[in-house]
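Two complexes follow with subunit A in common, the first pairing it with subunit B and the second with subunit C.
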Partner chain A sequence: MSEEKTPAAAGQTPPKHVPAVLVLGQLAEKMYQDAYEAKERGEKIGWCSSNFPPEIAETLGLHVVYPESQAAAISAKGGSLPLLEYAEGELGFSNDLCAYARINLAYANVAACPNGERDMPLPDFVLGATSICETMMPWYEDLAYFLDIPMVFIDIPFNDGYDVDEKRITYLKGQFEHAVKQLEEITGKTWDEDRFQEVCDVSVASSKAWLEATSYVQYDPSPMNGFDLFNHMAVATTARPKKEALAAFNYLIDECKTFVKINKSTFKPDEKHRILYEGIAVWPYLKATAGPLIMQGVNVTGCVYCPAFSGVYDDMDGLMKAMTDVPNCQNLERATEARKKLCKDGKCEGALVHINRSCKMWSGFMPEMGRRIARDLDIPVVLFDGDQSDPRNFSEAQYQTRLQGLIEVMDNNKKGE
Partner chain B sequence: MAGVKELLATFAEVAQNPSAQADAYIAQGRRIIGVGPYYVPEELVDAGGGVPFGVWGMVGPAVEAKKYFPPFYCSICQMTLEMGLTGKLDRLSGMMITGLCDNLRPFSQNWSAGVGSKIPMIFVSQPQNRFIPAGRDYAVDSYTEVKRGVEECLGTILDDEAITASIKLYNEWRAAMRAFVKLAGQHPSEVSVIDRAQVINAGYYLRKADHLPLVKQLNAALAALPSSLEGYHPVVLSGIYEDIPAIGEILQENKYAIVADDLAKESRAFAMQVPEEGDPIEALADGWCALRNDSVLYDPHKDHCRSVPALAKESGARGVVLLLAKFCDPEEYDEPITKRECMEAGVPIVAIEIDQSTETYGQARTQLETFVELIG
Partner chain C sequence: MTETWCMGVDAGSTASKCVVVDANGDIAATGLYGAGAGTVGPQRAVESALSALGIATDDIACMCATGYGRHVLEGSDMQVSELSCHAKGAAKLFPGARTIVDIGGQDAKVLCVGENGALENFVMNDKCAAGTGRFLDVMASIFECTVSDLSAYDAQANEVLPISSTCTVFAESEVISKLAQGLPIPDIVAGIHASVVERTYGLMRRAGIRPLVAMTGGVALNKGLRNRLAERAGHQIVTSPLAQFNGAFGAALYARENLVRA
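What follows is the complex of A and B.
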C-alpha cells in the first residue's frame, strides 16, 4: 500500500500530497522509456493492442507499447491532424477508418510525432487481438506489412450469447498457447510457468485495485472528477501485470478514501448532476467536452470505457473468459445490463453517449441501447457526434446543445421529485 | 438446348424478382432462410430442404434503419436491416448473420432488436485463426450450433447423408460458377456486364439444384462460341459486390469486359471447396479453414492484396477496377496495399467508391471513362 496519509492533526504540517493523477502519469511515461531502453539494448520490442493479454509479454520479459494509448495521447495534445492527413494523403487510407489506426499507421511510416507529442520506438513484432473490434486485425496486418515484421494474433470472436461459452474458452486457450510459441520463436525468450503465475497474480490484484479505484467515483458526492479516469486508464491498459501499477492504483484508492473522508473532490464545483458517459473520450476536444460539464456541475460518475481494461480471474479458463467478456464483445442484452448497473451504482440521472465516428463497433447499437437505458431507468439519454481522435468529426456547438438539453431534462426531473 | 439469350432472360427474370422466386418456393412448401455475407455454411439449409436466400441489402435509401445505425455503416448492413424493418423479408423463417467485421457485429444485434422477434437470427461465429487446430475445433463447434439453429428454423432434423449430398452439390455449383466467370469474361458481346451480374445474382435466389443446370447449359452454350473479347477492355473487378445498376451501365457503355473478379459476392464465394468425405460438419469447418485471399479474413502477409495483380496477369486483364464499398473496413484497410502491389506489378488500378444508397455516380463515370483510355 502507498504511504498516503489523511491530513495530520491540527498543529502539524501535513506531508505534501502528490496527486494520484501525477503518479499514474509518471508510470505511463515509464512504460515508454523502458521500451526505448530495451530497444537500445538490442532487445526486440512490440506494439500491442489493448486487449491482447498483457500477461504474455510480461511473463516473457518483453517490453511492449500500445498504439491506442499513443494515439489518444497524441490526440489529447493536439497532434493528431497532421498524422491523419499523412495516412490519408501519403498512404492512401480512407478517412472512414478508425482514427487511432490512421494515426498509428502514419506513425509507423514517419516514426515521429509532429511536435514530439508522444513518441515511441518502432516495433520488431506486433500483437493484435479483436475482442473490442475486428479493426485490430487488418490494422495490425497493415503494420506488419509496412514494417515487414511478424504479427501474432489472438482472435476473440464477438459473443452473440449472454455468457461466455466453452467453445470460446477452448479456442482462446489454443490461441494463447500458439501466441506464446510464436513469441518464443520471434524473440528467443522462454516461457516460464511459475513466472506466469506471478504475473497473473499481480495482474488480477491490479485489476481489482483499478476496479475499486474506479468505483469511488460512484460515491455521493464523488471524490473525483469522472473525466480523470480517462487519464488514469493508460496504466490500466498497458501496465496492469506490473507491480508498479498495483502500487499506483492503491495510491489512487488511498487518495479517494481520503477525499471521501474529508469531503474533498478533484471535481471542483458542487455536484448538481451525475451522469453516465458512454464511449471513448473526444481526445482532441477534452477541454471542450469536459469544460461544459464542470462549469455546469455535471460529474461523470458512470464510465463504461475505464473499467473495460481489467481482468479478474482465478485460473486459465477465467483469464480466457475475462478476455472475451469486455465491452464491444458483449451482446446487446449483456452490454445494456452492464450500463444499467453502472448508472445505478453511480446514481446517474442521465447519460451522454458519444457516437464515435472512429468506432463502428462501439457506436453500432448505441441508439437501441440508449433507448433501452432510457426506458428501463427512466432517465434522459442524449447522443452526440464525435470522434476519439479526428478533430474534423466533432462540433462543439452540437455538443453544447445536446448537453444543454440533457441538463434541462435532468433539472426538470429534479424539480418534479 | 436453350440458347444464350433465352438462358440469360431466365436468369434476369429471377434476379429482378427475388420475391416472386421466394413465393414460388413457399408454394412448394419450402421454408426460406436469409443468408448474409460471408461464407455462411448454407449447405445446411439446403440439406434440410430449405431455400438459402441471399440477402446483401438492396439499392435504395435507409430510413427505418437509421433508427438503429448511425450513418457511417456499410450499406449492406443498413439496407438489409431496412428490408427487415419494412417487411420486405417477411417470407424468411430465419436469417443467418456472421460477425466478421465491425459492421456485421452490431448489425447482428440491431437485427435481433428490430426484426429478431419476427425473423430469428442464426448467428454464425467463424474463427479468424484458421491455421491452427484450435481454430478448426471452434469452427466445428460453431457450425454444430448453426446446424441446430437451422433445424429449428426449418422444423426438421438434418442427417449427415443429406448434408454430404448438399456439400457435393455446392462444390459442383461453385466449380460451374468459376467456369462461368471465365467464359463470361471471354464472351462480353454475348454476356454483358449486367447479364453477368444477373446470372450470379440468380444463384442467390434459386436453390443450387435449380440454378446449376441452367448455369451448365449456359456454360456449354458459351464454350461453343468463339471469344468475342476483341474490342473490349478486359479488367478484374475487386471488392465486395458490383451489383449497382448505375455502375453496371457505366462499365457496359465503356465496353469493359470482366475477365475475372475478386468480389466477395462472386469469385471469392465460389473459391471455396469443401471436402466430400467424413463428418460433414467437420468438412464444412475444413472448407472454411482453407479459405485464403480475402480482405475479411485474417491474412498476416496481406496475400489478398498480392493476389489481385496476380489475378489480373493470369486472366489477361489490362487493369483492376476496385469497387470500394463505402464504410467497409476490411476493404479500406487493404485498398492502399492492393494499389501499391498493383503499381509494383505494373497493373493499372482505379478505385471507385460505391454504396447502395448513393444516387448518382457522375464521378465514377468520369473515373471509368478515363481509366478505359488509360488501359486501352
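What follows is the complex of A and C.
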C-alpha cells in the first residue's frame, strides 16, 4: 500500500505519499458510513462497547459503531459540553458518571451532535462488555431502556491473579456462546464457524500489525509523534477484524519503516525527552495537552492505552484469554511490570499520568503504580487531574506546571544533578 | 562599581512576590502584593521591591518569572516553574533541606531536593483547592479574621474538632454548622488546621519524607498549622520569615545563574 514501496516508473513523477494518519482516519470514517448505509438498507445495526469482542459482529456480517470512539471524536472537536449538560440537566445523571456514558446517553435521546461533530445512526441493539468498566452495565441497560431495543452483554472479569485462570476462560466462553445465540435471534443472521475462523485470522493479524506499528514509536529517534497513536487507536478499537484495518496498519508500518530509514518523523522538533503517557487522552484539550509536549521536545514513546485494543490468540480459549488479558483487567503487579517494560523499551526518562475523573477504575491504582515505577526505574512520575471528555474537569495551568516540573526534573537528571 | 541586580517574580494565584538579589545571590529587597497573576499584582510587587532599593527596571540585569502567571509576565527574560524555584530558594534559605513543603494560594506541593538543591521529584495536590491557602482564606473569612489570626486561635484549642478535608465548600458548611452549635472557635480552628495537615501529610508520605523538612509559602507562617504538621509527620519543620518569598527568591537565583552562564 505504501507509495514508498513502489518505484516510480521512468519519466513519471512519484506519487505523493499519503500520510498514514489520513489513511487510518478515512477507514474510521468509513465505519460510520457503512453503518449509515446498512441502516438505510433496512439492516439492523448496533452500538458496541470497545471491549465487546468485535469478532462476533463481523462474523455475523453486522455493522456496529462504537459510542466510546464517537464520544472521543465529539470531545476532541469541542462538542461534548452541551451533551454532558443535557445528560445532567434533562436526563438527571450525576456528573460523577463517566463522561463517555453521559455523552452517549444524551446522544441516544437527541440523536444529533451540537454542531454535527460526529453523528452516527441510532442502534437496533446494543453490545456491551465490562472489562473493569462496571458503569457499562447500567449505561447499556439505560440505552436499551431509552431506545426500547435488546441488549447483549458480556461480563469480562478482572484478574486478581497474575495470569488468567481456567475458570475465567470457562466463564467467558459460556457468555460468548450465549451472546452469539442472542444475536442470531435478534438479527436473523446465522453463525458460520468457517467465517468465524476467517474473521479471527484477520483480527489476530490486524492486532499483530497494530502492536508492531505502535512499537515503532520506541525507536530512537522515534519515527512518530507518540500522541498520534491516540488518533490511530480508533481503527484498532472498531475495525480490527476487517481486512481494511490490516491493510491500514501495514501501511502505517511501512510508513514507520521508511521514516526510520530516512530519519524522518511525524514528531517535528528534536526529541529532548521521552516519556510514558499513562491513561487516555484529555480529548477536549488535545492541543493544550499535546502542544506543550511537542513545543518542549517531549515525545510520548511509551503509551499504555493504545496497544490495549488488540487481541492475539490461537484458538477459542486463546480468544477468551485475550479478552480478559487486556491492560485494564490486569492486577497491579502485572500492570506495573507492563508499564516498566514500556518505559524501558521506549527509553522513557519520566512518566506523565492522567488521573481521569471519568474512569476511577482505571485511575484508582495509578498513584501506587506510579510510586512503584518511580522507585524501580528511578524516574520521575507526575500525576495530573483531567477527564477524557468533560472539559470542566481539567485545569490547563495546573497541567502546564506539572509538565514543566517533570521536564525540569528530567533536565536535572540528564545533567547529573 | 555598579551592583548587578537580578530579580525573581512569583506571580502566584492569590499573591505576587518579588525578590531582588545582589551579585552574591543575597536578598537585597522584597516586594509583596495581595493580588496574583492576571492582575496588577505582579507589577506592584516589582515596583515595591525596586522602590525599596531605589533602582529602576533598567537596573535589573535579568528577570526570571515563576508561578501561574510566569508565561504572561511582561519584561521577564526567562521562566522556571515554581517547583524548581521553591527547591532552589529553599536550598539557600534552609541549607541541608531535602523535603520542601509549600502550601500556596491554590496548590500544595511537596518537593524532594538533592543535596545540591536540585529538584528530584515532586507531588502536588489534586485539582481541588482543599488543603491550600485558599481553603484557609475561606475559613478565616467565616471568623472575620485574617489567616495569621488562625494561629492564635489554634493555640487556645482544648480539642480538635473533625472537619472534612475533601472539599472547601463542604468544610465551610461544616464550620458554619459547628459555629451554630456554639462549639468553641479555637477547637474548630484546630480542626481546620488538622484537616489541612492530613492532606499535606498524605502528599509528604507519597513524596517520601527526608529530613531536613522545610516549609515555604505564606501558610508556613501559620505556627499553629506548622506545629501540627511537624507533630503528624514526626519531623522537625523549619521555616523563615521569608517563606512567602521563597519561590521568587529561587527565581532570582535562577536569573543570577543565567547571567553568570551567559
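In this text, the second predicted complex is superposed on the first by the 402 of 417 C-alpha atoms of A that agree within 3 Å, B and C clash if a C-alpha of one lies under 4 Å from a C-alpha of the other, contacts with A are read in each partner's own complex, and residues count from 1 in each chain.
Keep in mind that, in the parts below, a residue touches a chain if its C-beta (ideal position, glycine included) is under 8 Å from a C-beta of that chain, and two chains touch if they have at least 3 such contacts.
None of these values were measured; they are calculated from a predicted model.
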**Study point:** Superposition on subunit A - do subunit B and subunit C clash or fit
**Key:** fit
Practice item. Using the superposition described at the top, determine whether subunit B or subunit C touches more residues of subunit A. Key: B
Practice item. Return first, second, both or neither, reflecting whether A:94 touches subunit B, subunit C, both chains, or no partner chain. Key: first
Practice item. Based on the superposed arrangement, let me know which partner A:355 touches: subunit B (first), subunit C (second), both, or neither? Key: both
Study note, to complete from the structure: Superposed angle subunit B/subunit A/subunit C, CA centres, nearest 10 degrees, is 70
Exercise for review: Using the superposition on chain A described above, determine whether A:33 touches subunit B (first), subunit C (second), both, or neither.
Suggested key: neither
Check your understanding: Where does A:380 make contact in the superposed view: on subunit B (first), on subunit C (second), on both, or on neither?
Key -> second
Check your understanding: Touching A:197, do we find subunit B (first), subunit C (second), both, or neither?
Key -> neither
**Study point:** Touched partner set for A:130, first subunit B, second subunit C, both or neither
**Key:** first
Practice item. Could you say whether A:367 touches subunit B, subunit C, both of them, or neither, answering first, second, both or neither? Key: both
Check your understanding: So, A:397: does it touch subunit B (first), subunit C (second), both, or neither?
Key -> second
Check your understanding: Looking at the overlay, does A:412 come into contact with subunit B only (first), subunit C only (second), both, or neither?
Key -> second
Point to revise | Minimal inter-chain CA distance - subunit C and subunit B, angstrom | key: 5
Point to revise | On subunit A, the residue positions that both subunit B and subunit C contact, one per complex | key: 355, 367, 385
**Study point:** Complex contact set, residues of subunit A against subunit B
**Key:** 91-94, 96-98, 101, 130, 133-135, 137-139, 141-142, 144-145, 150-151, 153-155, 157-158, 160, 167-168, 170-171, 173-175, 178, 331-332, 355, 357, 360-361, 363-368, 385
Exercise for review: Would you mind writing out the residues of subunit C in touch with subunit A in their complex?
Suggested key: 68, 71, 80-84, 107, 114, 116, 118-124, 126-127, 206
Practice item. Using the touch rule from the top, collect the residues of subunit A that touch subunit C in their complex. Key: 355, 367, 371, 374, 380, 382-383, 385, 393-395, 397-398, 400-402, 404-405, 408-409, 412, 417
Study note, to complete from the structure: Residue positions on subunit B within touch of subunit A in the complex are 67-70, 72-73, 99-103, 105-110, 112-114, 123, 125-129, 132-135, 137-138, 141-142, 295, 298-302, 305, 324, 326-327, 329-330, 332-337, 339
